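One structure follows; several queries about it will come next.
A, B, C and D are the chain letters, set down in written order, and residue numbers restart from 1 in every chain.
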Amino acid sequence: MGTTATLGAAAMRAGLVAPTGCVTARPDFASVPLTEFGDLVFGGHELVDTPLLKRAEQLVDARVVPPGLPALVERDLRAAEEEIRPSPLATAPDQRTAVEQVAAHLAGFRHRNGLDTVVVVNVSSTEAPLPYELPQHTTLDALRHALGTDTAELPPSSLYAMAAFTAGCPYVDFTPSTGARLPALAELAEERRVPYAGHDGKTGETLVKSVLAPMFARRALRPLSWSGTNLLGGGDGATLAEPDRADSKIRSKRRMLAETLGEDVHDAVHIHHVPDLGDWKTAWDHVTFEGFLGARMTLQFTWQGCDSALAAPLVLDLARLTAAAHRAGLHGPLAELAFFFKDPLGTREHGLERQYDTLVTWAHSVSSAAS
Amino acid sequence: MGTTATLGAAAMRAGLVAPTGCVTARPDFASVPLTEFGDLVFGGHELVDTPLLKRAEQLVDARVVPPGLPALVERDLRAAEEEIRPSPLATAPDQRTAVEQVAAHLAGFRHRNGLDTVVVVNVSSTEAPLPYELPQHTTLDALRHALGTDTAELPPSSLYAMAAFTAGCPYVDFTPSTGARLPALAELAEERRVPYAGHDGKTGETLVKSVLAPMFARRALRPLSWSGTNLLGGGDGATLAEPDRADSKIRSKRRMLAETLGEDVHDAVHIHHVPDLGDWKTAWDHVTFEGFLGARMTLQFTWQGCDSALAAPLVLDLARLTAAAHRAGLHGPLAELAFFFKDPLGTREHGLERQYDTLVTWAHSVSSAAS
Amino acid sequence: MGTTATLGAAAMRAGLVAPTGCVTARPDFASVPLTEFGDLVFGGHELVDTPLLKRAEQLVDARVVPPGLPALVERDLRAAEEEIRPSPLATAPDQRTAVEQVAAHLAGFRHRNGLDTVVVVNVSSTEAPLPYELPQHTTLDALRHALGTDTAELPPSSLYAMAAFTAGCPYVDFTPSTGARLPALAELAEERRVPYAGHDGKTGETLVKSVLAPMFARRALRPLSWSGTNLLGGGDGATLAEPDRADSKIRSKRRMLAETLGEDVHDAVHIHHVPDLGDWKTAWDHVTFEGFLGARMTLQFTWQGCDSALAAPLVLDLARLTAAAHRAGLHGPLAELAFFFKDPLGTREHGLERQYDTLVTWAHSVSSAAS
Amino acid sequence: MGTTATLGAAAMRAGLVAPTGCVTARPDFASVPLTEFGDLVFGGHELVDTPLLKRAEQLVDARVVPPGLPALVERDLRAAEEEIRPSPLATAPDQRTAVEQVAAHLAGFRHRNGLDTVVVVNVSSTEAPLPYELPQHTTLDALRHALGTDTAELPPSSLYAMAAFTAGCPYVDFTPSTGARLPALAELAEERRVPYAGHDGKTGETLVKSVLAPMFARRALRPLSWSGTNLLGGGDGATLAEPDRADSKIRSKRRMLAETLGEDVHDAVHIHHVPDLGDWKTAWDHVTFEGFLGARMTLQFTWQGCDSALAAPLVLDLARLTAAAHRAGLHGPLAELAFFFKDPLGTREHGLERQYDTLVTWAHSVSSAAS
């Protein structure tokens, strides 16, 4: 979805497409002084070395992007290509060096492009959850010491969060991976006075659930069971076919229901890999609920969405909003960005409408603080 | 659904069931001094003379009500039976007499039962819409004069609204029929200082739409088409198999989308009669929407609900809330009850969450006003 | 779908695609000597004068055909273009002349291309049904006389059928229009010893019904209601938004259920126009059925299909099979082609499996007769 | 479903219900001399000692059986109750004794009731599959020897099959458990000249698949993926929540697709336990398929069925047909009963229509053989 975001921003810059799907382009944010979509500059670390233009053409074949679009913004794609590097994680001799190299990349990117703020967004494959809390993750001192002895055992997402904070960059986790969710890294973010946000972009099934669950609650209807089946293809599907990675995703997806409807709902999320779906996702949810005098009723929904087309504009929104927060001097977890996440940091509010109101209010307050 | 509401209130009075589906039983209303469910007294006008106990047994056969329940509250059902009358509309020599007879029934019911307030709720079959505005409906004087010469041409729902206001009773329209929506009747409600609410209880398909439509809006996703198919059985299905009555219902159901998403969505609601569904309703909605870079996606939902189990608790909620408004001296249309209606009086807000917040705030203000 | 069929045959000739969706390419037909897909020659009458290559590109935009394919078979498309004419119906002074002109076109096409047989396939928009039987349609003599006095009142589909028979060409009706279904035309087909087939290609919803209805029957389960909703875009959707044309289609779609399950099923088919669906169709069917001891159960299906991709290969199949029948000297209605049609001529068998067995047996017998 | 079958047969004997769901009650079987439904006599082994009348009442609460029915056939239920015993498997000192005790029960039941044939039908919980082939299961001699030394390691289903054969009774396996599928037991069935049938009654999702899979094949459409999700409650759901038992069921459910459509389809079946569904099952299947020129299309279906109402009449059908086979002197596996099973013995034909034709032909031939 990094490719889709880069391509989409270029297409908006060229005036070729409307900002459909970009929340911060709504009139509610008109008076909030956010970086223009066209002024965003892209770079990144990639595991594979397929050229960006070729990736963009693959999105055409996958029916994510209209035919002809990549060619129209080729210059911007080539510029972004210049700022794509292989990740140093595979080659660095130890984790301390890896953190330093990533941080150096970030600082270099900021410098070369004369940027105000660089927001690091994790859009890589979902990691397995950490099995238990390690002592070296509980304080920043312990973590720094462990890095020196190469016993830090940071998962890649946390290593990137550490590098971002070290370089003074905000960090956004669009995945359910560990990322900044370690006490040591929270300390580091405070020390460096950078904000961060996450976890796990709410793009499809959970988005729908985040309005249906409050609907049942407001109507005093009692859900008895909520069974969700997710069919997904492509790399994401293959990653989540591994049970421990799927477990990260499922935990993230389940949090909302329990916190909205209580623990009595028999609630399950299943993820199945269907290779031919490619970048598309189909979710089928089946909800049984009880009404007046015990009547048993059912709601089902089927969502057929294109994952990267849903996620990419939110990545742009998050970059704009997090950069604004950084400029306004905010630091630590940004609970007010819960609207974007399945498993939001710092809040138990999962209802989409309330999250939206919070977001709009916050965006306006941030911009007044900044001015 | 009158039977279900009567039976349900009796079952709650007897402590046999929880108030599932009753919105005013939620903790948010705990401090609002509403009439207890068990203190509500029921009466009504019926077209058919099936005894109430027998109707209750029919609800058991239709799997709306658990076996055995009617027998447990037989005494309450017999008491309600005493207050059920044939409608005078069929026998009154003219509309003026009909209004007077209904008003007299209402006053008698209030007196016999020593009641504070009587709320008239229209739960009868949907009428065809009035084809055009009649001059005798535009002012109260004109209407009164027309009644005298028997040229009032009031549809039954409006005749009942007029009788209610005449007797000093609030009126709630749970159907899309004309009811109190005539300038002459608005004048009468002002004159008699009674409140009224409507139109068309939001129980199933439209309820779900009232959270999904704002979801698309908040996310800057662009619905292209929204096609709804409603399969319904029983008397409701048969009534709505008549095209002009269906037209009333469809207009009511469509208002929400246009006012939430704008006029660009190709929006259609279809109603089909499937006799064997009885009291159950199945709605299938198919939504196509556009996301980032023009990607086309789809959401479908299937709702399988029991109409009277969904509507009856809302009728109880509306009786409690409207009675409280009356006690607090409110009069005219109650826009703050929009939460309950497909086609709410006095507001263009259709989003369920915002309607809920408005409702809770209003309920608390009404109760402080009253105390 | 004429464009899709022409393009697809060209792509098969060039070895670019497999014959997916072509029934006569299955191994069951391997030993039946049918014209090779690549040897078929295309021509036609068109109402609009968009060039064929441009239409093919529109199919790419509509996601029916893969990007790049039209360019690869451009030569074949240009050749077919040469054989596309405006229909003489709009310009002919009377219906007799129109029949003669169409027949002359057919003979010219056959001669120019040195063809053995020309099969006329009606793939135009659905017509409204004829409201009643006209006397001039009951015998060939009466029809010929009426043509002379310009009172024939033939709908376009029947006029084309008459022209085909006059030119000695078989006729296939892929639509529910009247076509060859007039006694006078049956007489003409006998006189000219040409075969014909129809009506209404079974491509989506009815295809699925033609296996589900027998399933219920074999299992002694009793369907109570069968409600079908069809959402369709494009020209087809617009045509069928006209109630009398939709009526043709709905009659055609309903015949199967009544003849498979009997008259007791509450059976309805609804067609709704959803412009943004373009060439795609979504059908939702909801079936209630009764099982042992009266248990009520439900089956729903949602079919999301691309109409021209479903229809085009069947048009090729029908051309191959009908040409073979003609070569073998068969004439009159070909009931054995029921497999392809919603409303088959000459049979009440609607079950897909039995239709398939009949088709395979017939194809082998035709080929032995021919040799 | 034993209770439902017993209750249903009693209700048919009393003329209270039609034989809806009973395949052998269809006109196609009218001339086949099968035991009358009302002449069937029921007995069985049960793990729990809930009285049959009480179980029948539980079926009323679960909305499987109409209120009032159990009371109307109370006498028959009490008679069946007399023939229900606890299974000796829990108490027998070794497997040889268990086989002998079960066989003695069967002989006693046959004698007491003066029966011609006793058909043993396995309707117990699904067992885990045997992990590998044991040497003592490969020949009857080896099995007999192992029984003597108590190393037979027969799963309960196989122990019952052995007891049935020993007592000269046909055996039908309505579950995916091992049952008679051991070489040693096949030998015993030959020795005792008894027929047997199985495996795994085809009642819901697989039934629908058994007509849809051939539909795709006949139309030369190419399924790419077939994902099935099964939500089930009650005891069955709890049993299949155990992965190794679910594995038995899933293997059984998957066989059909691979043998109908080939190995290229990405095919998965998932089973999830949703306690509140009780005796009801919901299956959602999502099929992607490719048509002409590579167009990608989708079919989804949702089946909401009552498992015991679907299974019970098939158990009666199987008892009637297997008894007839026994009377006609048939022995060994009855491949012609494949119509009833997900994973049929002795055939690779899974298409429902062909299975039905085979069944009807066979039933007629059996009855001529017998006469």
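The rule is short, and it goes like this: contacts are C-beta pairs under 8 Å (C-beta built on N, C-alpha and C of every residue); 3 or more make two chains touch, one makes a residue touch a chain.
Just so we're on the same page, UniProt names per chain: A, B, C, D = Inositol-3-phosphate synthase.
Note that this is a predicted model, so its numbers are computed, not measured.
Where subunit A touches subunit B, the two copies mostly use the same residue numbers: shared numbers make up over half of all numbers in play. Counting C-beta pairs in contact across B-D and across A-D shows that the higher total falls to A-D. Mean C-alpha position of subunit A lies 43 Å from that of subunit B. Inter-chain spacing, taken between the CA centroids of subunit A and subunit D, is 49 Å. Contact with two or more other chains is made by residues 63, 298, 300, 302, 304 of subunit B. Chain contact summary for the complex, subunit A toward subunit B: residues 4, 7-8, 11, 17, 19-23, 25-26, 63-66, 69, 207-208, 210-212, 214-215, 218-222, 290-295, 297-306, 309-310, 312-313, 339, 351-354, 356. Subunit B contributes residues 224-225, 227, 229, 231, 266, 268, 270, 272, 274-277, 282, 284, 286, 288, 296, 298, 300, 302, 304 to its touches with subunit C in the complex.
Looking at the complex, you find that subunit A touches subunit C at residues 60-61, 63, 67, 302.
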